[in-house]
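Reading through the structure tokens given below for one structure.
Chains here go by letter, A, B and C, matching the order in which they are written, and residues are numbered from 1 within each.
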Amino acid sequence: MTEHDITDESHRAACTECAAEWTELDAISAAARALPQLTPSRDLWSGIDARLAGNANTSSSALARAERRWFRSPTLRMAAAATLLVVASSAVTWRVATDRNDTAPSDPANGVTDSAAAVLAALTEAPAGSPRYSQASYESDFAAMDVEIRAMQSLLNERRAELDPNTIAVLEKSLMLIDQAISESRSALLNDPASQFLAAQLARSYSTKLTLLRSTATMPMGS
Amino acid sequence: MTLALTLSSPPAAPSDDVTLAANGDRRAFERLYRDNVDRIFSVCVRMVGDRGRAEELTQDAFVRAWEKLGTFRGDSLFSTWLHRLAVNVVLNEREAETRRRDRHDDGIEDLDAISYGDVRPLPVPGLSLDLERAIATLPPGAKKVFVLHDVEGYTHEEIAEVLGVTAGGCKAQLHRARMLLRRMLTK
Amino acid sequence: MTTRLLLRSIILGALILPLGALHAQASRQRVDTSFTFDKGGSVNLGLVSGEIRVLTGTGNEIRILATIERGRLETSFSRGHVSIEARSVNSRMGATRYELTVPAGTRVTASAVSGEILVRGTGAEVEAHTVSGEIRVEDANGAVELESVSGDIILTKASGRIDLSTVSGEVDLTDVSGDVGAESVSGSIIVRRSRLRAFRTETVSGDVSYDGTFSADGDYRLNTHSGDVMLTIPANGNAALELETWSGNIASDFPLTLQPGQDVGRRNRRMQFNIGTGGGRVSAETFSGNITIRRAMARGTPE
């Protein structure tokens, strides 16, 4: 029996058996090419976003940890304020309980991380030779963060009754410290608007503030 | 010594998301993500067979892409570059990269859970789901070559480079994969 | 526990358990048990108020003593995994206490709201979260993640990838090696007798101090708004320093040689200089905090 080399075109021209088989194999290739795109079962972006902040920005990686922090323990997960957040698979979807919908984008956590970490990354990690992040851009990012901060602060107010007074005291004192840092950096920046150093410091303080506010939203009741 | 910012007028607005993302704009990168995630996820899930792992690898791929954006020279389409990077991430995945979650990986592929995006008309109607299952049961070497060549459209040379095999070896694996699939599908 | 309740849990247990298997799930107010535990097993503990203590034994057994004053414990035990969670009953939960002795190599995850957490001697991964309790970990390896709001975090003898976070607690590291990320708002971050390859830290007003060795391929980035930074560098050490502060002071035991073009008189101060032959990049930035570089004595550290 002669060797049938199905992959050899000239052989297929002479051998109907192999030609037929080849047609079948070809149909499989064609079917493979036409396979539809598959979609993930959940939105993967928030997990990616949390990691993009990377190692340099510890505040934003703390965001990823804040999301996981209280959900390690089923006890604490159940104690978390159910009205304030909805857990969707492994990501935390935030619902900010404010009246004004225009200040509560559907995924405020990600919008905020975006701004704070993007500013920070652009100010501290821009690849050499790339155009610098412009002041106009970061001003508008800080404005967006202010909106978010206000929404998160009203969230903290709503949780006052559920959290331990000592914890509230620690959180409020810390927020005051951060606000002081923000105000000092801002004043300095007014006098020296070109300073990338100051802008980066300010971005860090914002990031820290947002992370702190966010973690208070997920803190278990009775904390 | 402070670093000066470009203040005078905003730079000619970079019109493409890749440039914006390379300069740190995560919203731009998110748009790139939305445009490409399904395609990246598809190749990941077909190459590893496990949906959960594929979702993690998809995330890994995008994180790696973000880190390496500065190296994208624009001499191919961004989606092509991203795809190649994702394939490398899948190939380089090491079990030593431990995850906290216990992983139950005894080779059972999560095929029933595969959901279909927009389904395009197939040359052989009804073949699609069976074909996915069949691909998932291919031996690893044949599976990789088949997915990259017949599903994703890589050339033999490209696959040889990515997998570290010869183009001839790649052709042989491809043929073997097709033969195995045909046998499975005609049972 | 009433007889009826006991009977019910035994019956339930019998229904759930395959004969002879150790897959036990139960719900009660007290657990006192021990059994063989696989090497590299994991333990997951959660309570609201009380104390978690995990110590390490020499054998391959795990010993568990868990009590809850009001409420109930939900437990799940198997040869490779133990989990204990506290649940309220009729909306009430009392003081809870878990005391475990585990084989070396056991991975521990512990969460408490106002509880103290102690993990000692495991030589493996540890993850602990509290709001106001103190976290104390001795002898950990691999991925270590410790977080609190106001509790202090005390880590001794650890190596690996270490992430620490607090709002107002103090973070205290002694005899640590590997990569450390530490952040706080007002708590200080103090690192002693350590050999870090990477150290990233960020505080608002907390002071930061590092006394240890600097690796030639290391990456050290310290940032604070108003806290003071103190770096203690070995006398024969090598490092490439980049210091920048907006309104704080910079002081150094080592000679400062400014780069050409640098000017100390400007409002903000920025200095870049090498110690020894340079090497690991050490960057310290503050808004108003002071930066002090000290030279360690040949033996021991200056106090």
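Everything below uses one rule, namely that a residue touches a chain if its C-beta (ideal position, glycine included) is under 8 Å from a C-beta of that chain, and two chains touch if they have at least 3 such contacts.
For clarity, every value in this text was computed on a predicted model and none was experimentally measured.
Visitor: Taking mean CA positions as centres, which chain lies farthest from chain B?
Guide: Comparing chain centres, C lies farthest from chain B.
Visitor: If I average the Cα coordinates per chain and compare with the overall Cα mean, which chain comes out closest?
Guide: Minimum centroid-to-centroid distance belongs to A.
Visitor: If you average the CA atoms of chain B and of chain C, how far apart do the two points sit, in angstrom?
Guide: 37
Visitor: Just how far, in Å, is the C-alpha centre of chain B from the one of chain A?
Guide: Distance between chain centres: 22 Å.
Visitor: On a C-alpha centroid basis, what's the spacing between chain A and chain C, in Å?
Guide: So the centroids are 24 Å from each other.
Visitor: Mind pulling the residue numbers of chain B that touch at least two other chains?
Guide: 2
Visitor: Where does chain C touch two or more other chains at once, residue-wise?
Guide: In chain C, residues 268 touch at least two other chains, as defined above.
Visitor: Multi-chain contacts in chain A: which residues touch at least two other chains?
Guide: Counting only residues that touch two or more other chains, chain A contributes 192, 195, 197.
Visitor: Touching residues of chain A toward chain C in the complex: what are they?
Guide: The contact residues of chain A facing chain C are 55-56, 58-59, 61-62, 65, 69-70, 72-76, 78-79, 164, 166-167, 170-171, 173-174, 177-178, 181, 184-185, 188, 192, 195, 197-198, 201, 204-205, 208, 212, 215, 219-220, 222-223.
Visitor: Could you please specify the touching residues of chain A with respect to chain B in the complex?
Guide: For this pair, the touching residues of chain A are 6-7, 24-25, 27-42, 44-45, 47-49, 51-52, 54, 113-114, 117-118, 121-122, 125-127, 130-137, 192-197, 199.
Visitor: Which of the residues in chain B come into contact with chain A in the complex?
Guide: Touching chain A: residues 2-7, 10-11, 22-27, 29-30, 33-34, 37-39, 41-42, 45-46, 51, 54-55, 58-59, 62-63, 66-67, 70, 113-124, 127-128, 131-132, 135, 146, 150-151, 153, 171, 175, 178-179, 181-182, 185 of chain B.
Visitor: Contact residues on chain C for chain A in the complex?
Guide: 44-49, 74, 85-87, 109, 111, 113-114, 127, 129, 131-132, 145, 147, 149-150, 163, 165, 167-168, 181-183, 185-186, 200-202, 204-205, 221, 223, 225-226, 244, 246-247, 267-268, 285, 287-288
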